[in-house]
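Note that chain A is present in both complexes that follow, paired respectively with chain B and with chain C.
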Partner chain A sequence: MQSTELEYITALKERLGKRLPPEEVEDILSDYREHFRMGRADGRSEAELCRSLGEADDVAREMVATHFVNKAGHTKSARNFSHAVLATLGLGLFNLVFVLVPIIVLAVLLAVIFLVGGAFIVFGPVAFVLALLQLAGTPFFALWANPLAGILFSVGITALGLLLIIGNYYLANFFYRLGIRYLKWNIRVIRGTEEE
Partner chain B sequence: MNIQFKKGVLELCVLSMLVRKDCYGYELVYEISKRIDISEGTIYPLLRRLKEEGLMSTYLQESGEGPPRKYYALTDQGRQKERELRDEWLNFTVSVGKLLEANPNAVH
Partner chain C sequence: MTIPDSKKSPLPLITRIGSIGRPGMIRLVLHLAAITVICFAAGFGILALDGDKGPAGGDHFMFLNESAFLTPQTTTVQLDDAQSAEIGIVFGTGNLQVGSGGDGLLTSTCYGQNPDCRSFIETSASGTEKIVKIAQKTGHPVFPKRWDILVTGRVPVALDVTAGTGDINLVIGGLNLTSLRVVAGVGDGTIDLTGYHGGDFAGTVTQNIGDMTIRVPKNRNVIISAGNGVGDVKATGFTGEDGVFSTTGYPGIRIEVTQGVGSVTLEAV
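Moving on, here comes the complex of A and B:
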């Protein structure tokens, strides 16, 4: 536990410096410096101010979690999202552990849909060309019993692939936004460590 | 009081203080922690979040002595949010109050 302003600010700086951009760290530190300045002017000792601020560690964890959740909200990427989840887990929010499994299952599902859609989009045109060649009478490509059915099938499968990819995109977006809101809610309502 | 309970209400406390006038950080922290038992350090992350969410803005203003202070002011969005949260809170406390009153075993 820190008992002077210097110790407190140093502890915060050390913990934040590793994770956040320097301008943001400086902005956060200036708030706490101002707090100490005003508190001293108010006649409170540095030790007392440190005590009522609470552990620098807890403050830093909360700042880091907030930063990463905001970042993931602004710039969508799987990497930002996983950083946000990890930083929020760092607050000791054990309820998040229970949603971790559904999140991973969902991510795998979205990836599988993406791959299947992609495969259809690649396979469709190939099947289409093969069917055309067969229709043109090239015996070597006699893949289909009925080349016309082959053409219909390949057009169908290409369209299905496109639909899957587009649908998957919207689905991923939807769950991403939902996830960010859930993380924000966690940070807002629940605090890692109890006072005292 | 339950810590999660307090933290959910903190946002309303900050917003409602700012409805009356712009405040600097220490002022907000001091007034709130005087009435609600919570570590003062956690109010600053909240202030950053509310700013990030566009509910309030900040500006620096010279004070009589020392460096300028950072003041917090509500945005229109912040005022709207304050009204929403205030209504929710009042409805909630009235409902709970009625339930408590209705309890025949209550000792007064």
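Moving on, here comes the complex of A and C:
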């Protein structure tokens, strides 16, 4: 546990410097320097201020997680979101259950819908051609019980596939926003627990 | 704190969906939904009007041609000089369809995965009677198996059918039966004797679980005794009560039905 401002700021700088851009590290450090300056002015010792701030390791992890979650909130991308999730996982082992499991479940759900939609989009035109061949009396592969109905089903399946892909896009956006809010809430809860 | 821009999404096709304006997207979704609903409704409408066009003309309602995924294997047992026949059919899992017709005494077409679908056939003779035993080889089906068997109506036949799991459909009005024995495990069954012009016979039908429908010609003398454990017995076109139902008179065709769980429907048409 650090007991002076220099030790604390050095430890924080070392941990943040590995994950965050230098200008952001400098922003954070200047906030903490200001905190120490105001604390000393109030007559508190550096050791007391260090204790009240908590371990530099924990603070750095929270800062990194907050940075990546905010970044993912500002700029939507799978990469940013995965960085945010990984940074949040670093806050505690229990986040493997409370963060990783729901994220995996939602990701699998989205992947399944995407695959089904994609399969429909591919299968529809192929089945359409097979139905036309069947209708023309040259059944290369007599897929449909009734070729005329097969033509309609093929068009319907293709349209359904497109609907699934479009729906999946909006569902992914919804889950993304929900995920970011959940990660922010998770960080707040952890911070609150530590402050107690 | 400044947040640097991240790289573009690795899924450009998907992200392009977002570049379509909201009114345009709503229009697109509504059009696609309408196309989907109309196409499926019209497709199922055509199937409903058309009925099933499966390889054996069964009554299954399906939009894919089941036989397209299965390898048909046809085996014919010739009638030779036989004046009568005894046919035993043993079927494990799948849908069994027995009808009348074919070139020989018996024509078996099995739709299933090669080679476990192949039927096992044993023939022997007793005087002028030909004895045929046909059994399904065991195997793990990837797709539901279907077995179509056509039996000739040119000679009197004693028919014995044993089925395990699956639906059975016996459209045997074109046969000339000397006896009928049906033992079914689990699944629905239909025995259709509509248009039967053969001789009188005695038959037994035993089914464990599933619904059984027996259809007989109302202009023939038929008496059916039906008993079941759990389920209803419904008789249309018959007279009688207490599980014994008859058409115009007796003697004639006599069928004894024993049912475990499921309904029994008797129709004189």
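Here, the second predicted complex is superposed on the first by the 160 of 196 C-alpha atoms of A that agree within 3 Å, B and C clash if a C-alpha of one lies under 4 Å from a C-alpha of the other, contacts with A are read in each partner's own complex, and residues count from 1 in each chain.
The rule we apply is simple: contacts are C-beta pairs under 8 Å (C-beta built on N, C-alpha and C of every residue); 3 or more make two chains touch, one makes a residue touch a chain.
No experiment lies behind these values; they were computed from the predicted model shown.
Asks: So in the superposed three-chain picture, is A:62 touching just chain B, just chain C, both, or none of them (first/second/both/neither)?
Replies: first
Asks: Quick one: classify A:31 as touching chain B (first), chain C (second), both or neither.
Replies: first
Asks: Between chain B (first) and chain C (second), which, if any, makes contact with A:70: first, second, both or neither?
Replies: Touch status of A:70: both partners.
Asks: Of chain B and chain C, which one touches more of chain A's residues?
Replies: C
Asks: Have a look at where A:106 lands relative to chain B and chain C in the superposition and call it first, second, both or neither.
Replies: neither
Asks: Between chain B (first) and chain C (second), which, if any, makes contact with A:47: first, second, both or neither?
Replies: neither
Asks: When the two structures are overlaid on chain A, which partner does A:187 contact: first (chain B), second (chain C), both, or neither?
Replies: first
Asks: Once chain A of both complexes is superposed, is A:116 in touch with chain B (first), chain C (second), both, or neither?
Replies: neither
Asks: Have a look at where A:149 lands relative to chain B and chain C in the superposition and call it first, second, both or neither.
Replies: second
Asks: Enumerate the residues of chain A that count as touching chain B in its complex and touching chain C in the other.
Replies: 28, 70
Asks: Hey, which residues of chain C end up touching chain A in the complex?
Replies: On the chain C side, the touching residues are 1-11, 14, 17-18, 25, 28-29, 32-33, 35-36, 38-40, 42-44, 46-47, 50, 52-54, 62-65, 67-68.
Asks: For the complex, give me every residue of chain A touching chain C.
Replies: 21, 23-24, 27-28, 67, 70-71, 74-80, 141-146, 148-150, 152-153, 155-156, 159-160, 162-163, 165-166, 169, 172-173
Asks: Looking at the complex, which residues from chain A come into contact with chain B?
Replies: 28, 30-32, 34-35, 37-39, 41-42, 52-56, 58-59, 62-63, 66, 70, 187-191, 194-195
Asks: How about chain B: which of its residues touch chain A in the complex?
Replies: Going by the criterion above, the answer is residues 3-4, 7-8, 11, 24-26, 29-30, 33, 37-42, 44-45, 47-49, 52, 66-67, 69-70.
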